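The first chain written gets the first letter, and so on, giving A, B, C and D; residue counts start at 1 in each chain.
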Amino acid sequence: METLVFGLLNGVSYGLLLFMLSSGLTLIFSMMGVLNFAHASFYMLGAYFAFTISGSSSFWIALFLAPVLVGLIGAAVERYGLRRVHPNGHVAELLFTFGLAYLIEEVVKIVYGKTSVDYRVPDLLNFAAFEVYGASFPAYRLFVIVIAIAMLIGLWYLLKKTRAGLIIQAALSHPHMVGHLGHNVPLIFMTVFGIGCALAGLAGVMAGNIFVTDPAMAIQMGPIVFVVVVVGGIGSLEGAFVASLVIGLLQNLAVGINASFADIFGFIGLSELSEVGRINISSLAPVLPFLLLVLILIFRPQGLMGEKEL
Amino acid sequence: MTLRKTAILAAATSALAMSAANADTIKMAFIDPLSGPFGPSGEAAYTSYLLAAEHINANGGINGDMIEVTGYDNKVNPKESLLQFQKAIDDGARYIMQGNGSSVAAALIDAVDKHNKRNPGDEVLFFNYAAVTPAFTNELCSFWHFRFDAHADMKMAAITDWIKTQDDIKSVYLIGQDYVFGQAVASAAEGQLSEKRPDIEIVGNELHPLGKVKDFTPYIQKIISSGADAVITGNWGADMQLLTKAAAENGSDVPYLTFYGGSKGAVSSLGDQAVGMLHQVSEGVTNLEANEEQYALIEEYKERFPDYDYYYHRVWNVMDMFKKAAEEAGSADPIPVAKALEGMTIEHAYGTATMRASDHQIQQPLFVSVVSDDVKYGVDNIDLGWKLVDNGTIAMDVAEQPTTCEMERPG
Amino acid sequence: MTDTTDFQNLAPSAGQKFRQRTLPFLILAAILLAIPMTGPSRTFYTVAHQMGINVVFALSYNMILGKAGLLSFGHAVYFGLGGYLAVHAMGWIEEEIGLWGSIPMFFLPIIGFFGGALAGATIGWPSTRRAGTTFAMISLGVAELIFAAAFMFDSFFGGEQGISGDRMNGIELFGLSLGPIAEVYWFIAFWMFVGILGMWAFTRTPLGRLSEATRDNAQRVQFIGYNPQRVRYMVFIIAGGFAGLAGGMAAVNYEIFTPDALSLLPSGFVLIMAYVGGITYFVGPIFGAILLTYMQSMLSDFTEAWLLYLGALFIGIVMFAPRGLAGIIFGFFDGLRGAERGAFLKGWITSLVGGLFMLIGLIILVEVSVRWSNGYGEIYEPFGLHLDHASPLTWLLFLATTGAGIGLTALANRHKEGTT
Amino acid sequence: MTAIALSLKDLNKSFGPAKIIDNVTLDIEKGERHAIIGPNGAGKSTLFNLISGLYTPTSGSVTLHGEEISGMAPHLINHRGLSRSFQVSNIFTNMTVRENVRCGVLNALGQGYAFWRNIGSNKEVQTRTFEILDRCGLVDKAALPASLLPYADQRALEIAITIAGGADVILLDEPTAGMSHSETERAVQLIRTATEGKTLIIVEHDMGVIFDLADRISVLVYGDIIASDTPQNIRGNAKVREAYLGDEDLPEEIA
């Protein structure tokens, strides 16, 4: 029971954080077909900017300013980099972002140093919100959940209720049609890329102080974001949302299972002494998303809720 | 910092080169990460070697010869290390130093063995200053390899010995990385605890995948709900930082006994929450009582390399022992130096260190310390630093472990 | 009407064949034979061996990226599994288990080929049913899974410390004990030559041509009777095999394999090597492998920011020279043979000088920043200049070189647009 | 009675609610030159896609030489002797003309997946390739990259690739679309020689071509075959004339 409650609580907060990070990539990927390898680098930039801004002013200013700055950088990257590469096809675009991830990491190292920076949870939120079974649930995590839900509602409102949102939505599913209708597609692309990066930046602001803000944080987070986007399905923010929660819960719940393969498959004669038998479910938790990724791609390439295949 | 032509070193050596123009240089190769994610870890040690070499040179060198330490970036990759090893030999290095990563150390021990077998007369010695897998001075021991750091079982002996004195610790939780090293740490802890404190219950023995966990909260909550009074972990790198950070955040305030709590950035990322919680075991702590000379050294290091703290005390042990051995042998050739090193004893700032001849494993007192806000020297450029805990001094013979090494010595 | 002379006219002449096919291999062989005569150093050998291995590895990667159009983020898996099998075989030879005692160490790359191909056949079975981004993502997921598995199955992967062996066992072939590094050279040179020849020959086979056809137009291929999935699958297996061959070469060269060899890092690196070299040319990955191996092993001696230069080089290639180094080199020679040689040369030199200026600007900026960021008080002093981060000279130089670079390249571009 | 080469029976195809092919039944004899005509959007291309395996029928069957092929993968259908061309030139632009044709030839000789032999060493492959090139009038352009061919030659190459595999049932989708008058004449000549002795099914808008080539014509209107007869009888068919009324393509030849 305890494990279940903990698993659910953490799964949801971690899942929502993942969603914040991956919603931007879903937007970018669905509309532009660019699997942005540098997406997690923008997440890292968000955390570092928040560190700088909250150091000189306050966390609350950073919460708004850092994502905006990251979004502007993202827009500039699209305008002066990606757009140039676009005619060479998706592979070239993907490789561009791949190189960009290297570049951002090295620049961050020069500017902020190679080790982690001291980016802390704001004092206002640095207390235990409530206790379950002796473990305290930090108020800041609660705040993360609130911000993520607020972001979800904001995004939903933007996409479903505003004119710009309708155009973006149309561009998500039918990018060519939007161009024919006389909209400025490059401008839309730049905006979406910027917004997507800003969302990643926001996730960085929120997560940088829970985890460690160091130059390796982008590499650590990068692959899992792809998993969310692909498992969720192209063009589907709902899918990304579900996938984030699924992966968050999967990872957190699996940690709580103390069984080894031998315990589970003992009935078919798997021995505790064999290497396969010794593998523990909880130690498998972090690789489960990748297993999910491969299985989804093989058996349901459109993802959980996507409309088209990759 | 240009790695091979460090300006600082060049300045220091060129001044002396004039006075000892016909002296030879003893080339030592530092093969460890100097770029990429593990770069800082390598650089902290590299800077220590540079300063130690500079001091030796300023005092007339070894037998009149100057030492030149050159960095080779191995990117913590075994294959790249072997390549850099060949480069170092080409550049005339007969001594290599490495410490980051047991996989790299294992590859280098193997490579040094093969090189020395295939190139008699051109031998190379390997000074391991931080790779702690016990096997290197047990079943995998080699005449060409000397370890200047306590290995994992010795560190665990120090931790368990301290726990022995803590009557209020009644249950312990073990958490580690799921690979050879993490498994070895866990089994050493189990074995030693059952011997020293049979009444302690091990309430959890968790292995998590290496470097893959982003959020340790679920693990922490398992720890909390297990009701453990202390946690032992051999985690290093991001796994160490994320683990302790999640612990602090979720209100797990029991002692965390770590091997690598002293690594850079760990204390600052926790902040005040680290106080009284984060423990480490090491061969030296800057806030121990020491002589003025040692304090001056700590301060000089900090001034020269403001990004880092005086952490690799054992680097000075490496260099001091090497100097003494070369002077006793009257030569800087690897075989005489190796023979002189066997059984050698030196006095260093925090005690006596002996290089055990049977397995080339250094034996020395170890210290269990905890983060405190009441210290002379802080770390990570904040006010917090490491302070010895009560009963924290572990005598040399307590930490000493038997060895299964059957060393083959050259002719 | 179908007499033999007619259709033979369609094929390239014997002279062309010699120039385009035989001659390059003769030159390669001559270079490989000549290198030891220069009395190279240990460092040279070590780096050259790494290059040889990477050349084969990068070419095998290009079989799937350049030829079959499959972007993979997990090619190191096949390199690693092939290499691991070869290291194990090295142990079996040492212990003379069964027939292994009678196999010379020299042939280990064949074992590696077999291992890589087997891994390709197993993993490729589900993954090559898809192409494009789906394939790329599957390869990423599989690579993560295999890497994680490497730490769970110690008996095959040896945990963090990997599996090591000793190459000086078994039957000696060609009088090579493989002990000294100079003898390993012949081993690496032989297998690199075999690898290049083999993969070049593959491009001349029906399947090789068909893989290009499938890349360009998978639908049409179906309607002339081929199964694109089968084409991709077979190419994937063979590419896995050659990656395994490179792994086998690495096994003998390093005598150790660790799980790092399977991780995403080498997979990303081989992608960069192939792409920087130029994936549309057969020789492209060879150029890329040589340059990037050099950068990886030697550039890190001169600057700790080598990863930054690597990233900048890669982005530069993706943005401005998508056909890679090979594209630049061949483009230059094509331009020289073209009609407006003078104008071309002028434009080319302008871009080159402009590029150089920008490079100098970048180097100044990066090196000064790195030193300033480290805070050791060290100062960048190229050619006796004293470039401090606070000195106006630094920034003047940076602005001047960068400005001149941008100006010159813009000039060259305008010129190019004017002429075409 | 001669054997039936291709037989469609109660063939249906719907995309969602839209029924594109509505209960088509048609038998085509071996060696017959059969044309399918109909106004734009009648479903001609869909019908081709159903036969050649690009689409799976909603219901009904397609049999080739008595063997059921509906739902089969395109390459398997090709192996059973049916090959098609495309309305939009669908060639391998990065290869030379000769290599384009050779891809098809290799398959016929069972060497498509070979990775152990040199592509240039097999005499039979070279001979066959030359034969096809010659038949399609492309010999002098054999060494050109396909992307550099003029439009009419690209269409010829499209046909050459289609017949290279040696299939005995050939489907040509508007082979002369977009050609000038003289080019069309040449194309018809080409089709005639290229498909000699084979079963030909052709979709075409140019009625001159149809009436020149076809033994039999089927008229497809809104997914339904309203008539299937000799050119002579189709000319006089009232239903056909009605269907074509108002169609801008109304061919004078019919009258």
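Points worth noting:
Assume a residue touches a chain if its C-beta (ideal position, glycine included) is under 8 Å from a C-beta of that chain, and two chains touch if they have at least 3 such contacts.
No experiment lies behind these values; they were computed from the predicted model shown.
Among the remaining chains, those touching subunit A and also subunit D are C. Overall, the chain located most centrally, as judged by its C-alpha mean against the mean of all protein C-alpha atoms, is C.
For this pair, subunit A with subunit B, the centres built from the Cα atoms lie 36 Å apart. The geometric centre of subunit B is 75 Å away from that of subunit D, both derived from CA atoms. Note: centroid distance subunit C to subunit D, computed from Cα atoms, is 44 Å. The set of subunit C residues that touch two or more partner chains comprises 148, 152, 154, 305, 307.
Shared contact sites, meaning residues of subunit A that touch two or more other chains, fall at 113, 286-287.
Across the assembly, subunit B contributes residues 39, 178, 209, 212, 307 that each touch 2 or more other chains.
Touching chain pairs in this entry, ordered by label, are A-B, A-C, B-C, C-D.
Contact residues of subunit A toward subunit C in the complex are 33, 35, 81, 84-85, 88, 90-92, 94-96, 98-103, 105-107, 109-111, 113, 223, 226-227, 230, 275, 279, 286-287, 290-291, 293-294, 297-298, 301, 309-310. On subunit B, the positions that touch subunit C within their shared complex are 1-4, 6-8, 34-36, 39, 72-73, 75, 77-80, 82-84, 86-87, 89-91, 101-103, 106-107, 110-111, 114, 118-119, 133, 178-181, 209-210, 212, 304-307.
Touching subunit A in their complex are the following residues of subunit B: 37, 39-40, 43, 178, 206-209, 212-215, 217-222, 224-225, 227, 238, 241-242, 245, 249-252, 264-265, 268-269, 271, 307, 380, 382. Chain contact summary for the complex, subunit D toward subunit C: residues 52-54, 73-76, 78-79, 83-84, 86, 90-95, 98-99, 102-104, 106-108, 111-120, 123, 126-127, 129-131, 133-134, 139, 142-143, 161-162, 164-165. Interface of subunit C with subunit A (complex): residues 71, 126-127, 129-130, 132-134, 136-138, 140-142, 144-145, 148, 152-155, 264, 268, 271-272, 275, 305, 307-308, 310-312, 314-315, 318-319, 322, 366, 369-370, 373.
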